[in-house]
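In what follows, a single structure is set out as structure tokens and then discussed.
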């Protein structure tokens, strides 16, 4: 096997670096993916199993049987010692340190077993009820729509507005450019978290509180986006713009027929970032929206957090559900980034 | 088609003046080359004509109209860029038709003009490719094609051949000349290569430091350069220059030799500091007699002709063109006779030509 | 800008008209829930709507964080809901709608007595502002099975914190359980330990303080227990700031002998511990201060109306409807809470869907209500108590992890409190 | 989608053309900037100005008009320290703990993250089978919300978490990861790197792929050692990308909040309390809300950041030129 790989690499001298590379990447897959896989598996666990220690990879539930004479299903245990050793029996009730057990084939005879002599019979089962509950409990589709609307519209606005600004800042010489750039970098420094209250009050003055636009508009002009796009646009040769000007293109046309397509890779990156920010945003929507019909998935997800308790099973299920769309979008856009980056090397 | 006129055109970036007042007239249908060393302002001047660069002072007239305030699109020009500046995300066809679409030409019109231009430039088979799939020469043709389809009043070329290899450059040179003959438009062509200028131009404008040094037909520039700079820039190999002083109606070089020149051709004020210029073919190795003694540092034998490189006693480099083959070897000494008819004389102070009746 | 506002206002009005065409008044009710209390309340409100079709209630189920952090900003900015279930009872006083003009004051005073004070500005304020829908009491849970296995007797009534510490350490040692004791990470729970040590929380003039000798003694003991492993250090030391943390997971897994938390845990324990072990609620532990000071902390949440509402009459009527004995009984029975309504408490609540263990535990907590110390009531009703809770947690934790010495921590607490009270004026 | 956008853009072209004629192409830049600047001004710049006003006022009132003016008291309170290196000697000790933590956090997080991003990008830039897959894998955590990231790792690292279960299973002693200040801090740095590394890897990879092949071939002809190739060719040519990465990483590093807050709550004690968390819990989540103090703290942090970034840009620019 080792020979096979090194031979196909063709360069005997470098073989250990290849090995190291693949080892690194393999470890990376484990480290990057493992925790998420754990999350997904956990979302199929019952609340009890979630609290179980040591935690187990797969979702287990204890087996139950329904026996004649008992209304509720009974938990099944495996007895390890005593006269019933080796048998699977159902527990009727437990009193102190002693369990009252019945054999499934003889549901009327109660046998007393010390609790130390029994262990639960468990099997792997997906608690899909975590997911079903979500749809029963609230208007999942409404939240999905709100989240999608905010994400799509906000990303479109961000891309448009940021790319226009980046175009101006990268391809024009004009008075005040330095000041604007300084302003962009300056506001890049101030995270939204520290200006929540002023931002809230300003948004309120525009009458945007409790509207989806109140979530969309304030974050649309991201300094990060302007910075990223500008940095990329600087690499587009000015001569191409001049050529377009000679070709009678208006500046606006140059922007959308030349600059936009040529910045596609950077725009794809910003699109992914913006989609993620908007989809995952929690703090600002929490402040801007307080009425359920406007809620996003992230807000709905967090309503499983009460004062004292958190409904982990539902929260995890919801988390996994909210992950699906971003992953799908990424799977789609990442190809685009790859081809975009590859084709700009066309010089 | 139109003529072009520049009147006192200047360009300044803040305090730095890069074009210092250029006057120029290019007649309709002329092929005019702007030539000069890098940084002389030739490309800036071209961009000012194109409208890409705003004009600080003076007037640019195209077809008699002042176009200073018009944008590039409204001047009816087309330009071929040094890097070709093809739109990387468009096919060749889209590259060619983009400008026409902007002019709101009809689809049918675009189609015929693109096809015509593509055939003319032999790129009709490449129409559906993208620029990255083309060779350098093909890209060059597309860039020219993009200008051709526009049917502009004036073509502008900004060092279009500098990215090509030597052979391709010669080929494209011919092709652009043919194109000019065929469509007959006014063309302005910027290059730093004087060979391109000599071979292609109807008129050459030599620029230095934002000033027009001389403007005229190629051979006029060659035969009667207005100053030492033009003399040195036009012609290959470069003209030889020797410093000296007028003494007794002749030029006494700093190395001691005296060169007699016909007094009716040049202004020769006694005692004036001068620069004597002689093209390599104005020097001939002689076996005996008076002349410039030179140490030979190298010989190039090309078969039909030879170049001899050497230096005078004070270290001035000398190049000699000798028809046929020569027996001179590097390391030896040689005496060079100067052909007075081939001599040029410049004032050392102003570097202007001292030829009588020379345009100053 | 004004134009944009006009357009938006126009759109909003249009939307409002469309929404209200069916009924004249729509009230918005903001609620965060742990179990099903919001849903239950909503069901009662729907019942009200059935009787009064001109009033509809729209419930906004929000994360608890929104109630704690965003609601005050909303209220200050005038964008708040009509009514909400809140927990910072005294802190939000200035936004409350006084229900007195609309309700039968005698009935409310008689039924809700002491809890009405928690919503008031001070002793002189006669207003009625909110209905205590969830009365909680802090208290201890023990894993009875572990005591049985260790064959150690459960300390009886009147046992001190010290007695419990000794007993639980012995049990843990005998059974291999990981932690003898644990306490939720909040200053509210800590008061349940501080009061038996003699903490008064207020000086003679009624000014708040976090440095009286009783408090200091309890704090020192608590830090020492955390450092020697008597207390599950994870809970307090594992977090920073004033973040809440609990130890229910450890208790459910049987790793914890005694857990000082509160009545709200009952339902969770009943369902998740199931039959794994036996658990019990213990009487409030005592301390050096003597018998009169063995007290848990009351707490919980209530529903209030806000001044900013356009429909004060309807809000008051709705709350009055909820306060009626039958509706209130339904609410408590379904949401498994201890009633704050004296009439309901006297009649007893039959909890729906509760296991016998849960019902027993809830009743054990209910029995503690009359014995709560006056300090506990005062502390719970003080408007800046959240600041005091937070300061306690932050500084005690720093003492536990060794960032501050005990004396420094106490000094910092006094400073912090001074600053907080000054800012809150 | 393009069919939808094209007519839209053509419609916009009409007024923009008119503007272009009116303003000339140069001043037209402002027209391109306008939408961004308006949004920016209203929702980024104005809040900062309001923030300054908050910093000069006191009390726990939310509306500015209710707040009494206190001058620079908030600033003097914050900066009142016997020694800036010893948080315990400061009047507002938690702020200074947070400042110290943040300084360490940035150094470690930016260092490790950019280092590992570069390493990963270099490896992905080799002739690797299934490169697209690996690239996607490393980017994947970027998609997760900070709260989810924190949640996952908290579940893994808590005392009764997955990591300890694994250690116990293999007979190693378990560690209470989140209870030990150094471990908790280390894990917070790790978690932050884990979550954001993919983004920087992607940018660096793009930068690496933009370096022309022939440069490497030339170096190979010169028999340069791999280390020399990296040091003398790859790094200098990657410098522009590196500047972007460093600036962004630094800025985002200082702004780190959600994930660490949800992960440790700033604990144990205040071992992982970062500046933004201090500002958030003082001004927004606190009781009472000390907006003035929080705003003053945010302004001080922003000033430090501006200076830091300026220095960084200056250094990198100088290096790139020299």
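As written, the chains take the letters A, B, C and D, and residue 1 is the first residue of each chain.
To be clear about the criterion, contacts are C-beta pairs under 8 Å (C-beta built on N, C-alpha and C of every residue); 3 or more make two chains touch, one makes a residue touch a chain.
From a predicted model like this one, the values you see are computed outputs, not experimental measurements.
Averaging the CA coordinates per chain and comparing them to the mean over all protein CA atoms picks out D as nearest. At the far end from subunit D, in terms of centres built from Cα atoms, lies B. Centre-to-centre, using mean CA coordinates, subunit A is 19 Å away from subunit D.
The distance from the centre of subunit A to the centre of subunit B, each centre being the mean of the chain's C-alpha atoms, comes to 63 Å. The geometric centre of subunit C is 37 Å away from that of subunit D, both derived from CA atoms.
Centre-to-centre spacing of subunit A and subunit C amounts to 33 Å, using the average Cα coordinate of each chain.
In subunit D, the positions touching at least two other chains are 20, 25, 62-63, 160, 284.
In subunit B, the residues that reach two or more other chains under the touch definition are 71. Contact of a single residue of subunit C with at least two other chains is seen at positions 73, 77, 249, 253, 255. If you check the complex, the residues on subunit D that touch subunit C are 58-63, 88, 93-94, 97, 158-160, 176, 178-179, 181, 264-273, 277, 281, 284-290.
The residues of subunit B lying in touch with subunit A in their complex are 47, 50-52, 71-73, 77-79, 81-83, 85-89, 98-99, 102-103, 130-132, 146, 150, 156. Residues 9, 12-13, 16-17, 20, 25-30, 32-33, 35-37, 39-40, 42-48, 50-51, 54, 62-64, 119-120, 123-124, 126, 128, 132, 134-148, 151-153, 155-156, 160-162, 164-165, 168-169, 194, 198-199, 202-203, 205-206, 209-210, 240, 244, 247-248, 251, 254-255, 257-258, 276, 279-280, 283-284, 291, 294-295, 298, 301-302, 305-306, 309 of subunit D are the ones that touch subunit A when the two sit in their complex.
The part of subunit A that touches subunit C in the complex is made up of residues 47-48, 51-53, 75, 91, 93-94, 96-97, 115, 138, 197, 200-201, 204-211, 286-287, 290-292, 299, 302-309. On the side of subunit C, the complex with subunit D involves touching residues 68-69, 72-73, 76-77, 88, 91, 233-234, 237-243, 245, 249-250, 253, 255, 384, 386-387, 389-390, 394, 397-398, 400-404, 408, 412, 419-420, 423-425.
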